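Worksheet: the structure to be examined is printed underneath.
Letters A, B, C and D name the chains as they come in the text, with residue numbers starting at 1 for each one.
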Amino acid sequence: MIHNIVQAAYLAAMVLFIFSLHGMNHPRTARRGVFCGIAAMLLAVVATWMQPEVLNHGWIVVAIIAGFVVGVPLSRVPLTAVPQRTALSHAFGGLAAGLVGTAKYYLWVGESPEQLTTFRMTAIVAEIILGFLTFTGSLMAAGKLQELKWIPQRPVTYRGQNIVNIGLLAIAVIAGLVLIANPTGQYAPFLFPLMMGLSLLFGVLLVIPIGGADMPTVISILNSYAGLSAVAMGFVLDNKLLITAGALDGSSGLILSIIMCRAMNRSFTNVLFGAFGQVQAAKAGAEQKVYKPETIEGAAQVLEQASLVVIIPGYGMAVAQAQHRVRELHDQLTKRGITVKFAIHPVAGRMPGHMNVLLAEADVPYGDLVEMDEINGDMPQCDVALVVGANDVVNPAARTDKSSPIYGMPIIDADKAKTVYAIKRSKNPGFAGIDNELYFADQTFMLFGDAKAVVGELVKQLAREGAAAAH
Amino acid sequence: MAALTAASCAIAGLAFAQAPVETAATGHAAPETDYWSMLFVLVLSTFIGLGVIIRVSRLLHTPLMSLTNAISAIAVVGSILVTGGEHPKEIRILGAVALFASMTNIVSGFLITDRMLKMFKQSPAGEKKS
Amino acid sequence: MIHNIVQAAYLAAMVLFIFSLHGMNHPRTARRGVFCGIAAMLLAVVATWMQPEVLNHGWIVVAIIAGFVVGVPLSRVPLTAVPQRTALSHAFGGLAAGLVGTAKYYLWVGESPEQLTTFRMTAIVAEIILGFLTFTGSLMAAGKLQELKWIPQRPVTYRGQNIVNIGLLAIAVIAGLVLIANPTGQYAPFLFPLMMGLSLLFGVLLVIPIGGADMPTVISILNSYAGLSAVAMGFVLDNKLLITAGALDGSSGLILSIIMCRAMNRSFTNVLFGAFGQVQAAKAGAEQKVYKPETIEGAAQVLEQASLVVIIPGYGMAVAQAQHRVRELHDQLTKRGITVKFAIHPVAGRMPGHMNVLLAEADVPYGDLVEMDEINGDMPQCDVALVVGANDVVNPAARTDKSSPIYGMPIIDADKAKTVYAIKRSKNPGFAGIDNELYFADQTFMLFGDAKAVVGELVKQLAREGAAAAH
Amino acid sequence: MAALTAASCAIAGLAFAQAPVETAATGHAAPETDYWSMLFVLVLSTFIGLGVIIRVSRLLHTPLMSLTNAISAIAVVGSILVTGGEHPKEIRILGAVALFASMTNIVSGFLITDRMLKMFKQSPAGEKKS
């Protein structure tokens, strides 16, 4: 009886989870999706809790309360910290999987070793390795994104690094295989902790050689690992709901990483073992060509004359939290009957959809956010392209310069616009650490300074002129 | 499409990988773990996952990440069983920590997703474009 | 060991089936899809056959050969007979499901009644009822489509018909429930055949009151029943592959029926219990307005002067097998630099996609087949709309006349074209049995005669003039 | 979408309908029939089915019908087991007839589908449009 109710609840939860993700294919239905997800989770928790074998409720209550205490503040972080939060929660997910796997193993070893079938043991080993490496790996990633002092930002590399890493993982896997062959053998008590330790260590070493800027990709790869570890847990507990939810999570991570890699024209292996950030240090120095700075007034005037303005936001807008000013600029221009579009590059910023969230926060209707492929057609008709803290995503070298590390990465053709204004603080390169021909092109003028400040100035200037015109 | 093919092949591969491992063990395999139906569920879910995620609006990739976070915290199910069961204390401690971790993900995941989604405003133009 | 190989094969087959259907989302990948399907089926058959419990191979071989002997010719039927063939194969599918269910039941009753769990018994009952009603229902449908003498084309109706039908089904279901409660009770030997008989009878009675022209919809509803009976068989045999394949089939039937009903602006219940064809007899008579006939020469001249010609094929083209002539006409016109498009209504003809297949058979590249919603935008610019044996799908009454049985059905706006030529044999109405204002409109001229003949004439005429012009 | 929701609700409904029936019987239910995993498979498959079919090109709805015919003839699996097993003659006759029927569908279904698909010719224009 209970069994059937629980299974029915799990089945319903599964359906709701699928609807939940399905809802995300349009902003209109997205929030409904979230509610489906919450309902599903409630169902699953209640159904599990009411099972007869759950006898001690005290600890459960405490843990749940603790979860709320930590979870609520974690959901209030500023949007710029979202990548870190995501990484952190992958770490938690991995930890949970690893711990449950460990608990189950020792439980069965202690009470009923015959339960440790080859299949279950395989699942446990997978759960442990994936879970724990996701745990430490994601912690490292979160640290790098948070730019903690004591975590090196630049990739740390040394000769034979990959060999060492692969070696460690190999040992962990071998230990796992031995355990699968003989879950309660005489070496098991020693092999199991070894496997755990190595997985934890591997997680750290896997992420150390990766540049802070590749973290988003790494995160979503870890995302799929977290999903897989949930699947493994499902196999261990013979729970179909876990398997489905895990698979959903896993495929999401997989697809997002593929999208990112494509948009950066990089391969998984290149991201994981390429130690990308490195090239930066080397190239950054080169500075011979001359920038043509422009005044706020000048820029404002040209903007007023334009009929089509394309704003290209990048990571800089996120850093400067300039989205609200940008919105005001958009309003000032549209008020003058000027068409203003936002060109959104799939990997602008530091996570997929980063720019969309920021601009949505500033109440820009999502209808005005145009995807790269769509906008590039209009760029030749564009009078002014305003580059707000974007760099690599508008770097023509990606089209022309075979030697460039970003060669082949699809970009927004800002250089095709009649006039380009680029807002950035310094002459420093962007994430890829390379010069950007765009800044030296004839039609390009620089507006140096913090994006928030500069755009703010532009808005003031336009407002003033607007007022003047009124008189 | 390519992704879908690749991934599902990978999964299918996993399935086969699993099989031999099993065959070795069917001797002492506890009959009630019907691992094949689990593999069927896994493969089918992966298909659905890929199919659904590929169609998620690009606008919402950031909220998507946090939503899937919350969903994969379904591990809470396992944690509850371990924490609440009649088990030695050490084991239940592990469970409790896991439960705490999953619960954190559930709460923060759903909350922040909804917080982000609240921001997305519609516009007549929006209707046509996206 | 064997068990694992078999399961692995089934899993692979399942994946291949999904790919098979996935391939159908573009003509380019469609044939690959078919091969995936064949591979999957081979895998499944071989895997099943190699199981140890399969001991007598003789009969299997015979049955398979027989299957080929009948199947190959069945796959060579002319395209106009495709609806019948489809109906027939649903009948076979239902029969197979029903028989296996029956066999399993008697087997278990005889050898191991304890195997008849409530769950299994429920599945068996579902399999029997669905299977057998699909069997006879589809046979009837096939007969009506084939227009067999001894099967009434027009819907046969009498007062209280629906009550009777529902009543019969209810009895069958009740018998089933009793059997589920007590699979081997003293009445079982009598109840089981009763259930079978009633299901068979219900299938016939379900289809009799439905007009021949609603058959396509009925067919695809029966299609989903066939799928469900396969699912039920999967439950009986505890076979996941059967469940998946059945579900795929079922959803296909469901979606196609929904599409058809939408395109006809009808509801399921209306199709199943509306006895649609009826109204026809009543209305058909009315004939007061005058047709304006046109000569081949006249039509040919106007066609030559046109710059955009839209050909609207309908059921008549299928009946007349005129697609090849139509293709020649298309060539004649395009040779003269005239743009020719084909306007495809979702329910033109007698099955979904009917026109597409016919025109594809005549080598019309599928790029020239334009869907209703797309073409309607261009109709006002269209100089000549050539209606080849289409009627309801171009009937303006669907837009204007609330009283019309097809009111609300989306149509192709032939009446918006500057000139309309309508090819049909007589003054008889089309499938819906109603007059068509279009034929009496000022810009419309009739070309009476068999579509194949008429279009052939047009082609000859154009060729002649072309030759003349050459001199 | 609406269709998908509706249908999967229907299926889910079926699942629940099934459950009570079961609960009544779990007493004498043979343990090895794990009907819940079958229901999971059914629901997941239905999702996939609806998702895939909705995206089938309108051009190909006729071939689609015959392809699904062939696929649903997977009932051949059951027929083989019944026909080939050590069973009384009458039963095996039923099986043989079923096997014949399924086999006919497989052969004619796949052949005619391919025959139809062979007819669909591409064209440069075609690329853009469809």
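Here, a residue touches a chain if its C-beta (ideal position, glycine included) is under 8 Å from a C-beta of that chain, and two chains touch if they have at least 3 such contacts.
Please read all numbers here as calculations on a predicted model, not as lab measurements.
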| item | value |
| --- | --- |
| Between B-C and C-D, the pair joined by more C-beta contacts | C-D |
| Chain C and chain D: spacing of chain centres that average the CA atoms, whole Å | 17 |
| Whole-Å gap between the CA centroids of chain B and chain C | 39 |
| Centroid distance [mean C-alpha coordinates] between chain D and chain B, Å | 27 |
| Centroid spacing, where centroids are CA-atom means, of chain A and chain C in whole angstrom | 47 |
| Set of chain C residues in contact with two or more other chains | 18, 22, 240, 244 |
| Where chain B touches two or more other chains at once, by residue number | 22, 32, 34, 37-38, 40-41, 44-45, 47-48, 52 |
| Graph class of chain-chain contacts, one of line, ring, star, complete, other | other |
| All pairs of touching chains, each written as two labels joined by a dash | A-B, A-D, B-C, B-D, C-D |
| Partner chain D, residues of chain B touching it in the complex | 31-32, 34, 37-38, 40-41, 44-45, 47-48, 51-52 |
| Touching residues (chain side chain C, partner chain D) in the complex | 13, 17-18, 20-22, 24-28, 30-31, 33-34, 37-38, 40-41, 44-45, 48-49, 51, 53-57, 59-60, 62-64, 66-68, 70-72, 74-77, 79, 82, 85-86, 89-90, 92-93, 95-97, 99-100, 102-104, 106-107, 110, 114-115, 117-120, 122, 180, 219-220, 223, 226-227, 230-231, 233-256, 258-259, 344, 346, 351-354, 356-357, 360-361, 363-371 |
| Residues of chain C touching chain B in the complex | 1, 3-5, 7-8, 11-12, 14-15, 18-19, 22, 240, 244 |
| Chain C partner contacts - residues on chain D that touch it in the complex | 3, 7, 18, 21-22, 24-25, 28-30, 32-35, 37-38, 41-42, 45-46, 48-50, 52-88, 90-92, 94-130 |
| Partner chain A, residues of chain D touching it in the complex | 1, 4-5, 8, 12, 15-16, 19-20, 22-23, 26, 36-37, 39-40, 43-44, 47 |
